[in-house]
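Chain lettering (A, B, C and D) follows the sequence in which the chains are written, and residue indices restart at 1 in each chain.
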Amino acid sequence: MLTKEQIAKRIAKEVKNGQYINLGIGIPTLVANYISKNLDVVLQSENGLLGIGPFPTEDKVDPDLINAGKQTITMVPGSALFNSAESFAMIRGGHVHLTILGAMEVSENGDIANWKIPGKMVKGMGGAMDLVASAKNIIVAMQHCSKDGQSKLLAECTLPITGIKCVKKIVSDLAVLEISPNGGFILKERAPGVSVEEIRSKTAGKILIEGEIPEMTFE
Amino acid sequence: MINKTVKNAAEAVADIPSHCMLMMGGFGLSGIPENCIQALLERPISGLTIVSNNAGVDDFGIGLLLKKRMVKKMISSYVGENAEFERQLLSGELEVDLIPQGTLAERVRAGGAGIPAFFTPAGVGTEVATGKEIREFDGKLYLMERWLRADFSIVKAWKGDTAGNLIFKGTARNFNPMMAAAGKICIAEVEELVEAGELDPNQIHTPGIYVQRIFQGVNYEKRIEQRTVSH
Amino acid sequence: MLTKEQIAKRIAKEVKNGQYINLGIGIPTLVANYISKNLDVVLQSENGLLGIGPFPTEDKVDPDLINAGKQTITMVPGSALFNSAESFAMIRGGHVHLTILGAMEVSENGDIANWKIPGKMVKGMGGAMDLVASAKNIIVAMQHCSKDGQSKLLAECTLPITGIKCVKKIVSDLAVLEISPNGGFILKERAPGVSVEEIRSKTAGKILIEGEIPEMTFE
Amino acid sequence: MINKTVKNAAEAVADIPSHCMLMMGGFGLSGIPENCIQALLERPISGLTIVSNNAGVDDFGIGLLLKKRMVKKMISSYVGENAEFERQLLSGELEVDLIPQGTLAERVRAGGAGIPAFFTPAGVGTEVATGKEIREFDGKLYLMERWLRADFSIVKAWKGDTAGNLIFKGTARNFNPMMAAAGKICIAEVEELVEAGELDPNQIHTPGIYVQRIFQGVNYEKRIEQRTVSH
């Protein structure tokens, strides 16, 4: 089973040179730490920044410079600032190449649920619905099962949907899976030491397994 | 050039009535109109509908207005980080209308720009789509969303001039420019107010035509929600 | 009968302190010369400027600073520059208080035709349709009759329409008239030396004349 | 930061094919991509559909492309000042689609912003409304207008950096920022190209995400259509 850091590290391998990328809160934020230094990519913060740099040193903290998780951040050479309408114009207009975000559930046709649990306090969807409705390529970072062992990869989402038919790939603590255009989770890679059988048993939705499934590698 | 200067926050918000629709710039606690929020606390008004991406925290920002029970309804995209908010919501004292962040930004932009409705893919297939027109364009489904406009909008800028021209700083810009344009009366508080002609016309983020009142704020706290540092 | 300069001068009296104003090409442009120096107003150029100043002296000519008529201009202290979408956001959003433009025809219900003559080369409507559809207050500067003596104040426009029910007031070489909310040209003022009868005979649409009609005055 | 630099105009436009849709920034002759227009004249292409507020003059700007019969259709708001244009239009060699200027600006903005359609009051009751959906909102009539997007957009800025960030000058900004965002490939020519990091992030008009190719132009003529001076 992968740690959160390992999930982030595996997702970082999906990043391609020249991409503009939006990273959600949680595990996705960690991905930034593992993107190869050989790649030129630009991270977007949906509150109005292209070119997120590392967290500031104590003397560089600026309350007027935060990310979408409200954390203090820095800029990099070549950064640009803009307003929220422009930020979502970028997202909605398909200019962001890759969106990485967390999920509570994903269905076998690529629906995602990650904003609301009925009966619990509703905090709001923030930018998630805009991102999932607009991004060209969405990779989900998530735990394969809930704490009480229920699969979160389902035939249909049970929680309120954030967006439909939008997820392209999932990196969980157990596996890398792609969503088939015809529906179904295509198993692509196993976490080190995790068997195909375990993944199959913990995937409630339709799982498609073809040929030998390799173990993940981390450079 | 037309002079929009008022003395201070108290004068700027003096005629904001109960039960009006109010927009407030800011993302989290960044770029919020601290002075006007303080001045509003002194006014005997209630029943406000506030359009703001977030709802502040318990003891800062819009959270202060909530605590004084001045707010009837919040129109926001994300309202976590606020226990009093949660209490009022669960007890039915407060209404909340949750809107995807990009849709919120665009609805406010549309309000200022005279676009009564537009189509966006955000929310298709979700409960956000309930009761909304759904339409296919070029093989993809979209929701029709309406503009948002307000009686007053209150924004916070870094620099401003007496003609109402505004320049924002960093990510404190966020929703402020769209809200400036979408308020019937826009009140701008700025960290530094200069004479018309001192700002470079090429660098202005919000042209003065959108701003009806402007003043130089005092004692900005600029509280940080998540101080995150590297070593 | 008023000269073009006198039409502009009379329209200038309509300007109020604190207004943002869009001036069309032709006579409307001349209005700027007659606005009282005691008034603080801001002129908008729809190609992206608030705060049009006088024409530049030869040494200050800047090809990157023109008005909607493509003339070289200057800025004033407090000017702001912006793009074309923002410019028409201002216009469409009702932020411009007063629009002054020329017309080929105006109808008694406030329709205006000023962009196209069938059979002649069509140059395009530019920003005119946006302006007339959006402005709160539209004043038209025009000649009362065409060169061959035909009235241009009609029951219905014969030329292709630029916008419907939008004109509030007309200043012609003969008169000042307002459009009645119920239809009809309400005669408000006569040009010096022009009789009510002449105006009536040269107005093809319904004209409403009540009481004594004063002569225009120019301060 | 991603480097978008190409050598010159010839390299930037080398793959623009015949019969594609092309947006070009500028208002009159102000802010037009002079270098790319010259480079396009060297390419053996035709049948272009060009979205541009104006069509240049006989011997400058888009007028040069018209003279070489490279253009099949113009989508513009105002096309006067061009005798060759008029000749081709009257002879049926050239199509023209005339659009209200604000609608044109907003349609291009919508293209870049992923808004497939919106409502505007411009053109209601006129021939512009022919075939379009008309709808009442809050007692006023509006037309539904669709987004405009292009295979390539070519813009001209004052300053730019290698990451594609752009700053425009004066009223030469006009349609350029919206077109940058609405082109699948955006080519930016700039008067001064600097390294990423040399422009103030707070003053950028077009963020580099919209720009795929950038180069420093040469020999700008910046012709003036109506030189008007006061004495």
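Following the convention adopted for this analysis, a residue touches a chain if its C-beta (ideal position, glycine included) is under 8 Å from a C-beta of that chain, and two chains touch if they have at least 3 such contacts.
Note that the structure is predicted; figures quoted are calculated from it, not measured.
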Legend entry - Far-end chain from chain C, centres as C-alpha averages: A
Inset, instruction - Weigh A-B against A-D on C-beta contact pairs and write down the one with more. - result: A-B
Legend entry - Between chain D and chain C, distance of the C-alpha-averaged centres to the nearest whole Å: 29
Legend entry - Gap in Å, rounded to a whole number, between the CA centres of chain D and chain A: 36
Legend entry - Centroid distance [mean C-alpha coordinates] between chain D and chain B, Å: 33
Inset, instruction - Send over the residues of chain C in touch with two or more other chains. - result: 49, 81-82, 85, 88-89, 91-92, 134
Inset, instruction - Can you tell me which residues of chain D touch two or more of the remaining chains? - result: 106, 109, 113-115, 120-121, 168-170, 202
Inset, instruction - All pairs of touching chains, please: list them by chain label. - result: A-B, A-D, B-C, B-D, C-D
Legend entry - In the complex, chain B residues that touch chain D: 106, 110, 113-121, 135, 137-138, 140, 142, 146, 167-170, 202-203
Legend entry - chain B residues within the chain A interface of the complex: 27-31, 53, 76-80, 86, 89-90, 96, 98, 100-106, 108-109, 120-128, 158, 168-178, 205, 222-231
Inset, instruction - Sort out for me which residues of chain B touch chain C in the complex. - result: 1-3, 109, 111-115, 161-163, 165, 181, 195-197, 201-202, 204, 207-210
Legend entry - chain D partner contacts - residues on chain A that touch it in the complex: 18, 20, 40-42, 44, 49-51, 75-82, 85-86, 88-96, 134
Legend entry - Complex interface listing, chain A residues touching chain B: 45-49, 54-58, 61-67, 69-73, 81-85, 87-89, 91-92, 111, 121-130, 133-134, 160-165
